[in-house]
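Some notes on the structure that comes next.
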């Protein structure tokens, strides 16, 4: 590992980008933000306020000039990823890209092709759940076969509420996409089919939104993984998984911490945002990416994982629209490049 | 209420019947077992060993003679219920009948018709979950609308293992039948449709058994209730329900009690049998039935609930066989007699 | 065991007595209340309202006449126990006596002497914690030595609030008396010394009451058992014990049941009364006493245990008054009669 | 804040020092280890193996030469602290000193005097519990008075086992010293008295060690804080606190995470080392110290807190030896310098 700090350009200075910029300043060893790429100049200025040596840019191409950066962290909305990924790959810098890789499998394939022009994978994808201690513990339990083979997963993905721009298909493409990555990662094999069922509608959800829904995935060996996607639960932010094995059960995602007894009841505090629920996972993800990038490698989900998720996502949207079970077809087999 | 003890004939002296006989001796106020009806004489003798004043009979008709009993508790297998229910109804005695009412909706209808010849319902059905403190608390929470309307239920029904005679259709007719009763009771409305999905097979289950499976019920207002039926889990006996409301979540069925910390871990003891898991519910069910019977009424699920469960059960077996969603059709509307 | 019901006279028709009368009517097998002894006639009449065949008496002697009862359950305040116990012992009936046996060790000794005129112990004492499932599980764990020898106990005894007549010494004699019985029963040996420390006073407790306090018991082998007695906690009724072993820890008394997630928090319901917290223990205690009494024996703490608790109680009040550690001196050794 | 990294010398390359060196490399933003001070040359070399630009020194004075460092982190045993603290203070560098400040109150006073020659406090003391999320939550709850005033604390401090050099007085000076800091920090006022009681001895503890013991602290307003110190519990590493308020209870320190059901039981994994139990607290402590040091301040317990703990520690050792309650006398009042 080089001893020099990794020079990072953060692309996108919205909520997610600002979070990452603060993370580099306060928690991450071995990296510093040297540029912020953001078309909105006021927002860009605000983002670098505490970073006197960081520059602001409106275009990724400017940041990539003259070998002034080693890496980019992409925190723009998904539809803008391709326009950043392609020049960044061409420049050969290290990349941490927030999920999704791109909004559809076709554009994801283009990214895979561009990346394969390089010597090795340069893109790490921001599926941060893989860095959550409980998900890691569950994956190890599954891999150990200590409780026998895995048979089913029951997942719940609950958000307090959604905003104006959030549509029914985004239940799949924006939210359940996390399960599309983490289920194959847990099970150790790809998703083979998907079906979607609508539950009784939550009257507190926006009128246009069919919320909640039940998504049922099957992996190739027949593991059933049902996902309750429920994004106007009001009470908090909660992501849980119950794994059903041949001779045991395991559960992750229930909140703990300080417990109180008062007023004839007892209990604790639930998360209300992914930021606190997955704070440690985000920190770990970025630190491990920095460590890997300084060593010329990645240490997390790759662009290939992003392509898989994009493909499953399209099948799930079709399942949601048709009400039918949809078999998932992957356009290409996994290139050796990603093994 | 009369002050005299209710004179009960227990029909069937197998495991369930023996359990009930012991219950009357050790825990139930206001009733006594005066007869045991059981064709196997040795078993019958064993059952009354501690009851010097109780007689044994091989046929229900003998027990019903000469006004010598006030009530029958039927603990034979389901296929034998009709042959006991019809003469018992004719004799006008009080009846507590273990689930199911009868094995199919057609025979259940015959029971409904026979019972309607009487002045009021005489049959209480042994769906004991309705007497479990946590189920009752969940039902009250749903009825209160304190967390908004109910949208989904996630149920798990897990047994340690099954014996030789247990078939794939019995997953539905023998096990999930409990959920078929308790889901409408919780939600407050009937089941409208059912679908069945097979998960990856447990290699520890018998070769002929597709275990576990996922049963998905819809109620008439659109509440989705998924049930993991999983009867060779090895680790214990566990029945849980998670209820998803518009602004909250509730969960029942997780074991508690003495907690230990030892050997780098912590935890407690899980049930391994329905007998301990639902012991208090069985006691409460029988006591409340006795109290009601002494007052000339019932206090629990009726034959009508048994007919509903039999109808849903048939639809679920069809769904299991065809792999398709099956709409549930009830042959008759609810008679006023049962309101 | 005789098949005839045990004919019980309940002495005292206050809150506790009324509770027991209802218990016999609704939950206990093999016994019936045939008399209520209560000087307040209106209260006595109310108590037998649902029991047409039960008589009311103002004096225990009247109830004991003419062999009309088999047993008495004493539910009067402690200072009145001796006046009931002595004639009941003389009549040779079975006795379940609410704690304490009597208010002091001297009068308890008189009861011991009277009882030893009989063929065997007739008095069972109402320390109901011994019938609580978690206490029983903890005792079994201690006896098993599965986690090594027991070294310490941390107990908490919390009541929502206390009334006007409740004094600082009653913290000991009325409340901690339960721990004085249950600690030796758990540990398997007597208490050897006691010390009392006052904590910061709860401003919500009555002005005259030093509440909470910390009572520290030592058993003869050196097990330290500290008890937080805290009787104006407002939030509920909670009785917990943490046991510290050589290689592990165990904890009992934390409430479970239905869990809810709502309003950015999660939790469940805490007890607010001993009546619900120990409901099952009371039922079990009375049923097991009835079963034993019908067989001419007792099945629970004896008058000897009451004498031990009375002796410890006096030492603890002295420790509370003096602020000093007080060694406990038992006036007599355990008679063979009680082995 | 300066943008330059804080140049840190780590003093002591034992287990604790090595841990901190790894922390700077992998988790801490804004600081780098430039020197390791360690008399054992082999150990020193090993410590800087991954740090090509860091030097090794055998004496603190060498590291302090020529303005080559900005800060020192002292990770040697307590008896060696003074010899590092005094020259480091003289050099005016920033200091993070592992607990205790020094082994006794007299030497701690000397440190206070030396530090007051500077413009402001330069020493932050390594009581890492103040950076644990649950301790912070408990302190906020106490400060909020949301559950009324605090009345009692029940603390448990449990280690799996102790080594050869660990003596009975180290129960106090090495282990309970953490509670001596955190209790006043939680309660908001100093400790006024202390008493020590020996429990039944753990036969698995070394023969020379009276383990476990119960330490009872009183703060100046009368809050009682009992501490079970128990350092050969075998089962794991566990640090818990239960806080008793006027109208509620709160508890911290119970482990959570992945829960499993298997083999007729359920449970999770307990910590076995302070390194995992307090990993996040150590990270937070060091990061916040780095951030503060770069701004010319401290952000945690000061040398004054170290002096208080040293004073209480001496009183507690006296209480342990004499078996008596010992009032704590602080030699000096808090200088304005530390406000």
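Chains here go by letter, A, B, C and D, matching the order in which they are written, and residues are numbered from 1 within each.
In this text, contacts are C-beta pairs under 8 Å (C-beta built on N, C-alpha and C of every residue); 3 or more make two chains touch, one makes a residue touch a chain.
This structure is a prediction, so every number in the text was calculated from the model and none was measured.
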Legend entry - Chains touching both chain B and chain C, listed by label: A, D
Legend entry - Remotest chain, chain C as reference, centres from CA atoms: A
Legend entry - Distance between the centres, which are taken as Cα means, of chain D and chain B, whole angstrom: 58
Legend entry - Whole-Å separation of chain centres (CA-atom averages), chain A against chain D: 37
Inset, instruction - Report, in whole Å, the distance between the mean C-alpha point of chain A and the mean C-alpha point of chain B. - result: 44
Inset, instruction - For chain A, jot down the residues that touch at least 2 other chains. - result: 235, 238, 247-249, 260-263, 269
Inset, instruction - Spell out the part of chain D that touches chain A in their complex, as residue ranges. - result: 1, 3, 24-30, 50-53, 133-134, 137-138, 141, 147, 247-252, 254, 256-263, 269, 280, 287, 291
Legend entry - Contact footprint of chain B on chain D as seen in their complex: 235-236, 238, 255, 260-270, 272
Legend entry - Touching residues on chain A, where the partner in the complex is chain B: 148-152, 154, 156, 158, 197-204, 212, 214, 216, 221-224, 226, 228, 230, 233-235, 238, 244, 246-249
